[in-house]
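These notes are about the structure you will find just below.
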Amino acid sequence: MEEQINKPEAIGKLEHNYEDYVLYVDDLSIEYTLGKTRIFAVSHVTFGIRTNESIGIVGESGCGKSTLAMAIAHILPPNARVTSGRVYFKGKVVVSPEMGASYSIRYDRKERKIENQLSIVRWKGISVIFQGALDSLNPVHKVGTQLSDIFIYRESMHPEEAEARSRQLLAAVGLEDWVYDLYPHQLSGGMKQRVVIAMAISLNPALIIADEPTTSLDVITQYRIMEELLRLRKTFGVALVSISHDIALISRLSDRLMVMYAGILVEKLPSNSFDVAQHPYTHLLVNSIPNLEEDIAEVQPIRGSPPRLISPIVGCPFFERCDYAVMSCRDESAAVLRQTQPFHEVACSVLPIFASASVKAQKFRKRGAVENNVSDQAIVLEASGLTRIFEKRTGIREIATGESNKITAVSRVDLTVRSGETVALVGETGSGKTTLSRMLGLLDVPTNGLVKIMGEPINLKKRKEIAAFRKIVQTIFQDPFQSINPRFPIASTVAEPLSVNRRTTSDKSSSMNDRFQQHGFGSVLSQAENHEVMVLKALQEVELTPPEDYVEKYPHQLSGGQRQRVSIARGLIVDPKILIADEPISMLDVSLRAGILNLLRKLKQDFGISVLYITHDVASARYLSDRIYVMYKGEIVETGETEDLIRKSAHPYTIALLLASIGIEGSISEKLGERIFSQSESTDNKGCLFAPRCQFAKDICSAEKPELLQVSQSHSSRCHFAQDIQGMGLTEIKAKKEAS
Amino acid sequence: MKGFTRFLIQRLIALVPTILGLIILTFFLSHVIPGNPALILGGQEVVENPTELHALEAELGLNKPLYIQFLIYLIQLAHFNLGFDYFQGQYIGHEIATRLPVSIELAIAAMVIGLPVAIYTGIFAALRTNKPADHATRVGTLLGISMPVYWIDLILIIVFYEYLHIAPAPFGQLSPFIKAPTPLTGFVILDSLIEGNLAALGSSLSHIILPAIGLSFAIIGTISRVTRSSLLDVINKDYMRTAFAIGFPRKILINKYALRNALLPALTVTAIQMGGLMGGVVLTETIFSWPGLGLYTYDSITNLDYGAIMAVVIVSGFLFVLVNLLADILYGVVDPRVKY
Amino acid sequence: MDVSGNINSQPKKKLQRMKNLPWVRSLSKTATLFLRNKTGLVSIIVLLSYVVIAVFAGYIAPYSPTAIDLAQRQLPPSLKHLFGTDYFGHDVFSQIVFAIRLDLELAFLAVTIGYTIGVLAGVFAGYTGKFTDNAVMRVMDVFLAFPVLIFAVAIAIVVGEGFWAIVIAVSVTSIPGFSRIARSAILVTKNELYVTAAISQGASKAHILFRHVLPAAISPTIVFYALGLGSAILLSSGLSFLGVGIQPPTPELGAMIYQPFFYSELTDWWLVVFPGIFIVVIVIAFNMMGDTLREVTDVTLRR
């Protein structure tokens, strides 16, 4: 049977020696059909992986990287079609236009035949690490069942033997034995990801595809999973294709890198470093992300947004966004990969001509000193002892059992934002940072504590005070796809605060309107026109130019970045003093993030607006902010001026965050010990909340709760040993890295 | 299982307001009914004789204030006393107790016929989306939910009894020439089995087929549609992709990894159907002269026996609530994500 | 956008504004998508032809639906009596034509009343607060605890006889279902991020309700309006079949099916088959309409 399939490929072997590769992707193109539209997801991709090699594919969402990965594993949805090319696994065709790359449970006779051919490749040859935090595990079966089923149904193993093997596997990925008997919903994101990894290595495949293996995990867990993957690669000697939008992660995980854009490979780099990159897109992508290793003065935004791929692209797909574009970039051959150096291929006909060094110089470096020190400015927004306790449904059940189900999301937080200052609030998912931001935006009622504006506490029972507050403080939400009503044109959305606050926003222009009011319609119209002018101005301010083009569009016609700008424009239209931005970039494509970051910066510089920037990403917090608050389990654990806090961190959690963000293998374990990765909850509130994860914890840590105390001027830490550990983070690592 | 008992108690407590509301509503309905029950009951005699009317009113407790009447009603209910049926010459409670198993037997028979067909066709259609087989199933299920149950019943009788003469005459549970089994459980089929009365067993089985099929159409229509759409949902889930990438055999993929998740919504709908079956039972029993609760309802309607109607309303409300509770509990057993 | 305020451009601009109203926009979009769908188109054609029959019943029916002709009793279908005659010599075809008028009136009236009250209650429950929500939904739970047909029988008997008894019974029994759906739609929309955004800008509750919540929450309930019409026809004809509500000789489809069962032999199959077919076809049409509406109003599909 196998030989029969292999025979026709003998012809192919004349051109390439596919058997030298574990996997060879040859001129692969994939297309989706969605109703009547076709989406050209992957176009003419060619690359190969040898045994024990690790390749990383970087790209933004929608660039086709996931399609490529799933095509290799032959698990695309049924509406995907292979339009050209083949994929060879150890010289054997697994994907071709005839075989397709889709899976379907509803298969017919022909598909069943293909499935039979693939059965030795599936999981035994190629396995996949899916995003474990999503529902890639079946919710109604125990973890153990799902693992041992692989052995039972793929290896015809006896159930008892399968169970033993599964337990070994769980141990191999660092999970405790009892995980075997749990259901997926009982596991944390990191644990689920490990289960998924355990499944992927179960049948000793020759190739593992890791599709965004750490996305949606928190930073420290991400780091841990990355270490785990590296270790497994060493022990099992498998080839690895990892796919991510996270440039830092992927370069650490891989031997070689490839960059994908709009369905094509635009660059194949010879090593795992982006320093030698030659394609303009790769450059811009790398430079558009603030990182912690280098102190970047200004990230470079990429203008425009990625093409939609609904029609085939002729020439270079990056043409419209590229500063180096010339007319010949429109030629059909412009985007063909060319070898510029050994093992280095670039799909650009212009840039490789320039010396790569000249491009690299675009990376500005900060001068080191902390700029505009604003600590003497007046406090505009202040949280004083803010606490939020969620009580889970006080129903008959709780009364009957006398048990209270209280969760302290935010605990006695003091926070200040000064005039013209950008303050960052850093914390991972579940740290309570969003609850805090909601309370500060008066969207949630604190259990305790006060929100003060210009030094005046807000009385939450007085509508007038709240209305006045809402004019001064505007909130930008994380998800630009949901924070704008899809039913309204952009103009209505941006103008909404005006119509909502008609009475309170009686500024000069509307007082002028009052005189017209007696004349009936005239005044309404002039007010509408007045609104139009203001909308156009606001759109201009958020760099949606020309604004006339946007007013009549609907949200679904805009990219994520443009929507976020609309959302910011809506905030700006009432001339706020303070902007609360809750993870404004985390849902955006990588290439669009820098634009929003720079916009927030501009707002502060040009309009003197104070920004409270809430994020899980220390690097962007450093890029944007003057001061940083670090939050852990509802408490502020450290605060200080940005550079001071990052260079001389005085709390083990902050240090862990920083090290994880830089992500040098082994660095966290070395500094902070293995305990940092444990997820154990401290149940009693008596001691330090971080103590169970802290290597330095002494008796005092579990007995006495540390207060937020000053370690130096305007730098405080909630740690009993703040002085001892201060500065053991970034500076030392940097020195070490430069030395090596 | 400690959590489970707590969950059960909690759910039972939550039922209290619903059931109380049920009783209040029925009581209210029975008291706004036009006409004096005493007049209806006494007929011509009492109309001309006011003393007798008052005596009858006193006997029925109609001269007391409304809240006292309600209290009496409650106390009577607590003693399972649903009133006296003057038309049948029997306590309503007794009538219902003997007729309830008869109806339940029919409902179960309908489920036994309908459920496997529904689930099978649901899976069948889901695995062949937008192919002819799927379209055919869709038309079939659409018919199932769109045909009035009494119409189906009559057509079945016309075809299988009037013309083909395969089915027995549509009168009751048993052929009149066969000795009925002693009612132990009230379920005729079960009783004949216990007694070893094969003649009665055969007769009761052949009698139950047509009404059960008639009732099963709606079940098939609804549950098949739910099964199809939820299975389609599940098939597109990420964990199915994982299972597929692992390369499990198709049987395992569907039966172990897809179906269990897909049948969860079907379970809820089944419970609602089961409760709603009571309505269909009224029509079906009327047509087949099936001596259950439904026929009793019909007879009470024609006799304008309000007490009996309200009793049926209360009992069917109770049943409905109980079946839903049962479904909730089952749901928790099947879905590990439900926390007690 | 025209900022100059040219007088001539006013009507045009107004029209443009109209088009941009969220209600108008989503309605017209739904309508186009609906008609483009094959199933939707078929269901609309069926409904329209029923409406035509109902409106022109007097012209279509060859005989009076209530004319008794004892010489022409129990005749099988022929050219003279297309669907035959019944026990009293009524022409079945003419009866069906008038029964369709009655049943459509019944269904639309009952469902519209039930829908309006139900949606208002649902919106009230979902939007006002925890206490009112609990209060309203508890009451609805009680209503939902009854099997529909039996509950409808009880109500119809309480109300009395005739058209309105059925209308009230059908509409009352449909209220809890509609209110549940409306409430859950409101709860979903209420938690949309754009609603939170509007709150943070200081929008009033009324503004949010009418501008953001209702336009989004109403469209899914329209699906259940269509489905409700189908079950209303089934329910009202079932009630008539039981002899509750509409009494002969007023022609009603369910009551017509009951007649041969009660008076004559079931061998008069045409008395059962034809009225039944007319019920089935319109109910299928309503169900198809509901399915199609569900498909086209599904926001995720539209994106």
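The first chain written gets the first letter, and so on, giving A, B and C; residue counts start at 1 in each chain.
We adopt the following convention: a residue touches a chain if its C-beta (ideal position, glycine included) is under 8 Å from a C-beta of that chain, and two chains touch if they have at least 3 such contacts.
None of the values given here were measured: they were computed from a predicted structure.
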Between A-B and B-C, which chain pair is linked by more C-beta pairs in contact?
B-C
When you average C-alpha coordinates per chain, which one falls nearest the overall C-alpha average? Tell me, please.
A
Averaged-CA centre spacing for the pair chain C and chain A, given as whole angstrom:
47
If you average the CA atoms of chain A and of chain B, how far apart do the two points sit, in angstrom?
53
Distance in whole angstrom between the CA centres of chain B and chain C is 25
Partner chain C, residues of chain A touching it in the complex:
441-443, 466-467, 470-471, 474-475, 477, 479, 482-489, 491-492, 496-497, 500-501, 504, 525, 529, 532-533, 548, 551-552, 556, 567, 570, 574
Chain B - residues contacting chain C, complex
17-19, 21-22, 25-26, 29, 32-34, 142-143, 145-151, 154-155, 157-158, 161-162, 275-280, 282-283, 286-287, 297-298, 301-302, 304, 306, 309-310, 312-313, 316-317, 320-321
Could you please specify the touching residues of chain B with respect to chain A in the complex?
6, 9-10, 13-14, 126-129, 235-250, 252-254, 256-258, 260-261, 334-337
Tell me, which parts of chain C touch chain B in their complex?
138-139, 141-143, 145-151, 153-155, 157-158, 160, 230, 234, 237-238, 241-244, 254, 257-258, 260-261, 265-267, 269, 272-273, 276, 279-280, 283-284, 287-288
Using the touch rule from the top, collect the residues of chain A that touch chain B in their complex.
73, 75, 77, 103, 105-107, 118-119, 122-124, 127-128, 130-131, 134-142, 149-150, 153-154, 183, 185, 196, 199, 395-397, 400-401
